[in-house]
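In structure tokens below, several structures.
What follows is a pair of complexes built around chain A, which joins chain B in one and chain C in the other.
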Partner chain A sequence: MSSRLASIAYNTYREAVRDRVLYNLVVFALLLVTAALLVGQISIGIERVVMVNLGFTAITFFGVAIAIFIGIGLVSKEIEKKTLYTVLARPVRRWEFILGKFLGLVGTLAVNTLFMALGFFAALFFLVRDFERSDVSLFAALYFIVLQLVIVTAVALLFSSFSSPLLSAVLSLSLFVIGNFAQDLRAFASLMTGVSRWLALAVAYVLPNLSSFNVVSSVAHSQPVPVALVLWNTAYALLYAGAAVAGAVLVFDRRNLK
Partner chain B sequence: MRSSKRITVLFAAVVILAMAGSVLVVRRLDGARLRAEEDRALYLSDPKLLKRLSLGYSGLMADIYWTRAVQYFGSRHKEGARDYPLLYPLLDVTTQLDPHLVVAYQFGGVFLAQHPPDGAGQPDKAAEFVERGIRANPDAWRLYFNLGYIHYIERKDYVAARDAFERGSRVPGAHPALKLLAAASAQQAGTPEAARLLWSSVYESTEDQSVKANAARHLIALRVDEEVPQLEALVQRFRDNTGRMPSNFHEMVAAGWLRELPRDPTGLPYVLRDDGRVEVQSPEGLPYITKGLPPGYQSGPVGIKLQK
Partner chain C sequence: MYAIETVALEKLYVSGFWRKKKIALHPLTLAVEEGEVFGYLGPNGAGKTTTLKLLMGLVFPTRGTAKILGMPVDDSRVKSQIGFLPEQPYFYDYLTAHELLDYYAQLSGITSKDRRRRVEAVLDRVGLPDVGRQQLRKFSKGMLQRVGIAQAIIHDPRIVFLDEPMSGLDPIGRREVRDLIQALKDEGKTIFFSTHILSDAEALCDRVAVLHKGELRGVGVVADLTARTSGKVEIIWNGAEAIPDITARGWELRQTADTARALVPETEVDAALDILRRNHARLVSLNPVRTTLEDYFVERLGAPAAEVTR
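Coming up: the complex of A and B.
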């Protein structure tokens, strides 16, 4: 089972690389180099803050774009190209296929984020010429970005298991945006009363809670990230992504592929 | 077939359990949120930039920021915090995004003005903030009322208070109490009568339960502040008549000086001290009272016992 999962995951990764997904790294590198050169000249005192904000925001958006646009095609493209049948004709279960695809894309995103992070730290070092002890919190922020990408990938995969690629992209992107306002959603819900309160709360909890993953502005100001937040965010990402992938398996398992 | 059913059951269970787990984790996450981040950094504090970023939907953005301001104030208040560093920036962003959000000036002004821990203790800033609200909404009589309240209670500037109430009373459809308040600020500035009128107006005109409760507490305190000197004067008269101090209020009731045992608004009997002072039994239950306090007890929203 594990070898089948691994080969599906590896092939998903290879396919993404073959699709020139990692070309975004070139754009990212250009963006950072330009920013590092420019910010130092036109601003005073906020070089580090701008660099962290810009770098991490770019890493998030590039990652989310890849997660969504590859995630939505993971199943539909295989059906369209009829390559799915050759895979499923082998002793591969449908759930293994879905899980393998998911792991493959998460792996791709992790590698992508790793390269972007290396570029970011190089640019930061060029700009400030020194790393501080508090910069450890930058790793926590990067880790949170990866966790966010895990959730977005799982959601995109879930949508792609029953919907058209275009609709899946729109829905996944919408959920990413709404998820960043999750805290406000819960605050709105708690202001309501009666049945509407419960309905609003249910919606607020079912939607992905991405706002607690966004610590970019605080780490830009060298504020520490509490260990509890790291633990709870990890637990949340695993649970939410687990639910979404299991949902995708349920849908895909019942789907008529004839 | 059997295996497929097993997979369905298994993954359905995973969906349900994982979702339930995620709900529990979110609840814990809310507790573990970065307090430091909340206090010191506002993601975007430039209203102009925010307005552009909201792509024309600045009204919705203002609603979100207003909710954030309320949540921020509520959670800090609950913790008993004595400073609210983000309150003004949040209110500023909210009202710059939507200058017609009267409710934000109305309650925001009160939150800003009140003394800690009931508010941020920034009455000057609050008056300026509500004045800005009036410029954007000259027909909202409630804002004049709020401005007058801030000047009267928190800034003790009775002239400015009268001016605010007067301006408000000229707004079509304004509450009739504004005229009375303007008169009271002019003639009885600083007296219990004027304060009672103001707090009764606050009590009657607001729908917010916390503001209502606060007004009720002030009205109760005014009653105590009025009753205690009356009782002390009565005790003095008893002494003048009989040549000795009554040992307690029961004695005065028995002698026909009082119809019944005097009680404070919480229902507890007033206590008569040996030196003729009258005290409340439980000052903690009567915030804002200035009379009838045990020696060394400082009145306020949360009573502070300075010395035994």
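Coming up: the complex of A and C.
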């Protein structure tokens, strides 16, 4: 990574960390995990399942909220406040700026997820008093959450490169929700015939397939996550996010910063 | 080789559903020599900021070319040779002044070994040696402007672009910024700054260009412009007895207590002095009236687009 890229990424991370909104969201996430703990105590015999489901859902929800909330403002805020002008007047290429901002937010989300995960594991240990060998799969589920956040961040960045922050937020959130039903969408498309089948399939494959990242239910029941799925999801997330960031760069490279 | 050179540089914005066109900058041909302090004058909305954004590569020209130090403005080698202060700048206010300057120094490719020394030196230079560890959100407007100049010169550029550097500052802040620009001038740097405060331009600039409604209306050497006489002489005297005779000649007259001031055509100075002698008035001063930059500015705003521009 070039030093300029690293500087921009670190500054993005620093901004998020010094932003009080981020701290509030982390506190809220921890509160939700605490709530899960209470629910777990009244769910006799299925505490672990309830805990994993609630905990991971909360981590995903707060992660996605942060990814979209900060992601849509990554570039537009810099343009609006003119901070971008003094950056691009230096030997910084536009793609370096976009990629640096993206990596900075991904780093922030990874650190954020790590802290939320620590809170989750502490709560889980408090509840079940023992970790099982199969709990290793929980790490895979957490890793998949991070990969989802990488995709959501890239998509938010892409939308924000050509639309208003509010519209970008709506579009990104919609894509996240639809992406979680991607398998159903694909199955539905394959039931159709003729041109509409191909059109529906094309739409289904262009949208991010986030449903394959959702393994929370299976890991809550101590089922293992196949290594092939880990590799496949990693490759898919990198390619999808890469394409979205490349799209954002293409748009931003031609944009007049009025 | 010119420090800055534009040839028929034009910017047209297209906006709205009906693709309405708006010319922000008519074809601009301009050249600035290295080491010059060049004032880019014009009222608000004249196209000054558009020109600076074109030179910084922040917006793309519709037509024409712009070069800095002989290289196209989008050449990355150019960027390490220039510094830029935007109009009413806003900086990352969660950073301290020290962190901000360190960040910009990193982006300019300065090694970590040099950065600390340069940051300290430039903070000292802009008069902020003791507040380097304070967050920028606690800074006043004048302090932020000084930080803005610091970030523009942290990498020791050959050309410094300043967009309305005195805008919104109080008289002391303006004086401080003017002194900083003067110091950069003394170091031999090329300075291109836009302003609508003419006294600042008159005090600092070697040459000025006047822009109005996106059109270049004139380019002139400040020393020549302010050395021109207006064809009138200002005569100041004490004694009210001469006033009726002076007024009778139709000359412009102002009176304060016992002191009077008349603007007399150069050809009629002798006649005016005869009147004062006859009325036993005491002459205080007699000076030819020179044109100011303001006179030139106002004259050019009403003039057609400039033909000779270099």
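The definition used in the following text is that the second predicted complex is superposed on the first by the 241 of 258 C-alpha atoms of A that agree within 3 Å, B and C clash if a C-alpha of one lies under 4 Å from a C-alpha of the other, contacts with A are read in each partner's own complex, and residues count from 1 in each chain.
Here is the rule we use: a contact is a pair of C-beta atoms (placed from the backbone, for glycine too) under 8 Å apart; a residue touches a chain by one contact, two chains touch by 3 or more.
All figures in this text were calculated on a predicted structure; none of them were measured in a lab.
Taken together through their common chain A, the two structures put chain B and chain C side by side without a clash. Shared-chain residue A:243: touches chain B; no touch with chain C.
Of the two partner chains, chain C is the only one touched by A:7; chain B is not. Comparing chain C and chain B on the residues of chain A they touch gives the larger count to B. When the shared chain is aligned, no partner comes close enough to touch A:178: not chain B, not chain C.
In the overlay built on the shared chain, the residue A:215 is in contact with chain B alone; chain C does not reach it.
Of the two partner chains placed around the shared chain by superposition, neither chain B nor chain C is touched by A:111. The superposition of the two structures on chain A yields an angle of 140 degrees at the Cα centre of chain A, opening toward chain B and chain C, reported in steps of 10. Chain B and chain C never share a C-alpha pair closer than 7 Å once the two structures are laid over each other. Residues 93, 254 of chain A lie at the contact with chain B in one complex and at the contact with chain C in the other.
Those residues of chain C that touch chain A in the complex are listed here as 13, 53, 56-60, 76-77, 79-80, 82-86, 88-92, 94-95, 103-104, 106-109, 148, 151-152, 155, 161. On chain B, the positions that touch chain A within their shared complex are 4, 7-8, 11-12, 14-15, 18-19, 21-23, 25-26, 28-30, 32-34, 36-37, 40-41, 43, 64, 67-68, 70-71. For chain A in complex with chain B, the touching residues are 93, 95, 181-184, 186-188, 191, 205-206, 209, 212, 215, 217-218, 221, 223-226, 228-229, 232-233, 235-236, 239-240, 242-243, 246-247, 249-250, 253-254.
Of all residues in chain A, only 3-4, 7-8, 11, 14-15, 18-19, 81-83, 85-93, 254, 256-258 touch chain C in the complex they form.
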